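See the structures that follow.
Shared between the two complexes below is chain A, which pairs with chain B and chain C, respectively.
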Partner chain A sequence: MADYEIPKISGEEGIVDVPKIKPDAMKSHGPWVSKPEFQEAMHFPTDFKMPEDVSQYGDADTLVENWKERALDKMADLKGRYRSLQVFLDICVKCGACTDKCHYFLGSADPKNMPVARQDLLRKVYRRYFTFAGKFFGKLGIPKFVGAAELTEDVVKDWYNYYHQCSQCRRCSVFCPYGIDTAEISMAAREILDHIGMGQKYCTEIMGKLNKIGNNLGLPEAALADTLEGLEEDIYDDTGVDVKLPLDKKGAEILLVTPSADFFAEPHVDGLMGYAKVFHELGLDWTLSSYASEGANFGMFIGSYENMRKISLRIRKAAKDLGVKRIVFGECGHAWRVAYSFLNTLAGPFDFLDQNYPIPQHVLEITEPALAAGKLNIDKSQNDDMVLTFHDSCNIARGSRMGDKPGGQFEIPRNVIKAVCNNFVDMPADTIHDATFCCGGGGGILTDDLMEVRVKGAQPRMEALKYVTNHFGVTHMAAICAICKSQFTKVIPYYGFTMDQIVSVHQLVSNALILTGQLTEEEIEAKEAAEEAERLAAKEAREKAAEEADKK
Partner chain B sequence: MAIGVIYAVLFWAATLVLVLGVANKVRIYWNTPAPLKIPTTPAPITPGGVVLRMLQEVLLFKSLFRSDKLLWALGFLFHYSMLLIVLRHFRYVQDPVWGIIKFIQPFGVYAGFVFVLGLLGLLMRRIIIDRVRYITAPSDIFMLLLLIFIGISGLMMQYVSHTDIVMVKAFFRGLITFDWQPLPSDLPLLIHLGLVATLMIIFPISKLLHAPGIFFSPTRNQIDNPREKRHVAPWAAELDKQGKMFLDELKK
Partner chain C sequence: MALEVDGQTIELDEEGYLVDLSSWTPEVAKALAAGEDVELTDEHWDIINFLREYYDEYQIAPAVRVLTKAVGKRLGKDKGNSKYLYSLFPYGPGKQACKYAGLPKPTGCV
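Showing the complex of A and B:
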């Protein structure tokens, strides 16, 4: 299946063994480099040339003029604007507490995937050019003595490669005695790379589509309307109930912003139908927007405050134009971090929305209380063919909250699953809640040119899943993130699972929810049979009429 | 007397570097905005909660405890024995000496052993564990050795060759009042004091900044209330104010 070794999983302990380090195990040219046209759309410098040979992508050929000076200027600029960067570059004591916490290190054994070593790729340059110790020992020709290093093309290559083997999941920051967050460092590094001609194609191309059309897929309004209509038909065929998925409905109460993968990918789309059914059943007047038809915001991945804000402002504009009173987000990990933690900062103040509701609100913050209050008619047995576990998405677990209390982001999704399913088992404690392991595809890594990184990075989660599969008969893993869902469906076959073992949380809700006026399977069959008979009768009548016409 | 003058100048200089250096860094940390809310969640939702979280980190090394029990134990022994030792040393400058300092004196002496053993453990870790060896720079080893030799030279004065402690006290009290006093010319004492001055000098230009720095760590010191309270950095507010998308489009 691949020209690299797939990590082994046993399912015995649920936790992978810490490997012996294998230097350069993941040395590579990194993902595909972004073309000048994509960079231009992001307001990044474009005075560089692309190599003709794709195999050289990620090598230093694409660097801009005076790249070294410009990289250092950008570093100075960022450390002056981000306290996190300035403090984190200074205070790491290299204690090593983080060294066995990164899923990419555990899966690949490359020491540069240990959080502290990944940070040091940037920190050593900071030390060389911005600290007394680094300058002093640098002049003596021994910068290494104080962990400093010259900025060379090789260092830039390492930045490009290893900062694209970080999913910004923040697991290291949980375990760091000072809370040093490698995500902050890798975001800064990518921002610097974007300013010296080494942007990553996957992220910038997608953001370009969003800026132009409204979503990462580049799905235009007409196609979106078509898709939603198709989903309405699917729900009608299944339930006999006319559940709407409105688009650009002016004056609706709620604007739903959801990752565009929800419109077409499996199992995402089953989740979207779940939200629609919940809203329908609760009598909520809601709409999607074609202008802001994307929950994802890759501006965070590339550390670009400006681009992240630009994308966020689309949501503000859509909410204003449609005249909604509330903004609700669908199931997506980093989208929820940007929404919960940053949206008010980037696109606020939201004084034109109804202040009686959280701004923004997560769809689970609607479904959970509705289930608890018994407002939804649930038949749990509809999910009896599954034994479920739940994958905490990193950006939700460690970068946001749901509900009123800290930790609500762990309880609320589990409460929902338990309210609609009879069989639920958690994975081992060291792999869930704020110690959750990333799916391996977050932070701008979800691209085919990084498959090896994605497969290896999934190992710790796969081990935990294997453990509950072997010991508790778990058959399915539920997720609340579009990237997790896409990554898992692609990667779990490498570990001997099947892609349909990944489900959306609102898909489970959808399975168990009995809509008011919903027909039973027999009724639907009878109805379909009646409709079929009617069609046949009409056909026969038509044929008969034609025959008679022929005879005449 | 020459030694006294050299060490007096050294300690004045070291103190100046330490105080001004750390003050400068703290000023930079203070003035650098944190543009986004990035507490590692679950995070406290009240200021009191943040104070509690920070106290648990600073006093108990809570995150490290979750992370690595051996490292936590070694770090805990090293830091708390250092605290006792530093407090014990107050008696060399105070007159009269506070009761609490007198009380901890016997513990402070034994803490010297714990201090050195803890540091040796930390050093062994750096050498033995391949992951930690990989991330270790010479300066990391150097700092551990510096502290170990400070500990050993101190213990030598306690248990091997006593120095004239009354004279040492007169020297340090003299430093405070800019009154030159001689220093005993015992080798362990001179090594001990020289290394301590070195430590003070490298503090503001090295990773020892973790001590003041942790208080500025946004993942630990922020309140988790982004939906309730809008948080905007001055440079970002300028984008709103001028209606621009990119910083380089802003008028100064």
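Showing the complex of A and C:
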């Protein structure tokens, strides 16, 4: 299946043992480099020579002119813009609390994947050029004496490789006594790389599509409309109820912003049908937008405030153009972090929205209270073929909140699952809530050229899943993030699970929700039989008419 | 990367997808598949042809659900599921079938 070793899982304790380090285990050229045309669309410099082969990645003659000065200028710019970045680069005391907290380190044993070592790739350059000690000992030719280092080609290569082995999940920062956020350092490093000709193809190609077409997939309006129509048909076939998935409906109350994977991939699309059924049942007037048909915002992954803002402004424009009163986000991890934590700064003020609702609101913040108030007719037994567990998505767990109580982002999704399923078991405490392990594909890592990183990074989550599988008979893992869902469906087969064991939370809601006027299975069968009979009769009549016409 | 087909050089991107979508021919599809040790059968061609038709109309590959539904309608209900598609294209019907059909790779969180 792969030409590298797949980590072993036992399911005995649910927690991965700290591995013995293997230096350079994950040394590589890194992901595909972004072509000048993609960089141009992001307003990044394009005066670099696209490497012809991965072996040239990071070579000075493939970078922009004066790459060293320009990298340092960018670093100076970023540390000036974000005080947090400078603080994080300054205050690490090398206590080591973070070393065994990263899923990529646990899965790969490469010591450069220890969060402190990852930070130090940037920190040593910062020290050399921006601190007195670094400049002094640098001039003496012994920068290493104070943990500083010259900016060289090899450093750039390490940046590109190891900052693309960080999913910016921030688990390490939970355990750091100083709260140093490696994600922010990773983002800054990628922003610097983007300015010297080493952008990552996966992220920039996607954002280019979003800016042109409205979503990461490049799904044009006509295809989106066709897809939604197909989903309406599917719900009708299943339930006999006419549930709509409106697109660009002016004057609707709610604009739903959801990751475009919800239109395209499995099990995401089952979640989308779940939102539609909940909105329908609660009588909410909602719409999707073809202009802002994307919840995801990869601008965050590459640390580009400008690109993050540009993407966010599409949502504002769509909300204004459609005249909605509320903005609701679907199941997407980093979209919710951007929405909850940054949207008002990036694209506010949202004074034109109804101030009686959270701005923005998560779809679970609609579904959970509705379930608690008994507004939805639920038949839990519809999910009795599954024993569920729940994967906390990192950006939701550690970068946002839900509801009006601390920890709502942990409780609300679980409350929803428990309200629609009879069988729910949590994974071990050190692997959930704010200690959750990343799926291994977040932060711009969800690309085929980083498959080894993704597979190894998934190990801690797989171990926890194996534990509840062995001990409590768990059969399915629910998630509320498009990246988590795609990553897991792709990597869990490497660990002996099957891709259909991953489900959307609103898929579970959809399974259990009995719509008003919903037909029973027998009634649907009868309806289908009647429709079939009608079709046959019409066909016969047509043939008969044709026969008679022939005779004449 | 590049591929030699009938004396023509077909340019491919890093991941083996066509750079110029109009350079696709059935021979190109066969060569792309052969590169991954896959021999295209009639069953593969049913899917590839559908993908190309869909792309012509919508400028994007169909969603998995759209594809399974269409396959179910055309080839019978027992084939209208991802399991069948994965049996033909083990690396994922979206990505692998798109490659042979000369379509761009679906991007994003998929």
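The criterion applied here is as follows: the second predicted complex is superposed on the first by the 535 of 552 C-alpha atoms of A that agree within 3 Å, B and C clash if a C-alpha of one lies under 4 Å from a C-alpha of the other, contacts with A are read in each partner's own complex, and residues count from 1 in each chain.
What we mean here is this: contacts are C-beta pairs under 8 Å (C-beta built on N, C-alpha and C of every residue); 3 or more make two chains touch, one makes a residue touch a chain.
Note that this is a predicted model, so its numbers are computed, not measured.
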First (chain B), second (chain C), both or neither touched by A:Y357: neither
Partner chain(s) touched by A:Y82 [first = chain B, second = chain C, both, neither]: first
Which superposed partner A:A97 touches (first chain B, second chain C, both, neither): first
Contacts of A:F130 with chain B and chain C, given as first, second, both or neither: neither
Partner chain(s) touched by A:K144 [first = chain B, second = chain C, both, neither]: first
Chain B versus chain C as contact partner of A:W32, first or second or both or neither: second
Chain B versus chain C as contact partner of A:Y291, first or second or both or neither: neither
Touching partner for A:F472 - first (chain B), second (chain C), both, neither: neither
More chain A residues in contact [chain B versus chain C]: B
Interfacial residue positions of chain C with respect to chain A in the complex: 14-15, 57-60, 62-66, 69, 82, 92, 94-95, 104, 106-110
Chain A residues within the chain C interface of the complex: 32, 201-202, 205-206, 209, 215-220, 222-223, 226-227, 230-231, 234, 259-261, 263-266, 269, 296, 332, 446, 448-449, 482-483, 485-486, 490
In the complex, chain B residues that touch chain A: 25, 28-29, 32-38, 40-45, 57, 61, 63-64, 66-68, 71, 75, 125, 129-132, 134-140, 142, 202, 205-207, 209-210, 213-214, 216-220, 224, 226-227, 229-233, 235-236, 239, 245-248
In the complex, chain A residues that touch chain B: 18, 20-21, 23, 43, 79-84, 86-88, 90-101, 111, 114, 116-117, 120, 131-133, 144-147, 170, 173-181, 184, 305-306, 309-310, 340-342, 344-345, 348-349, 358-360, 397-401, 405-407, 409-410, 434
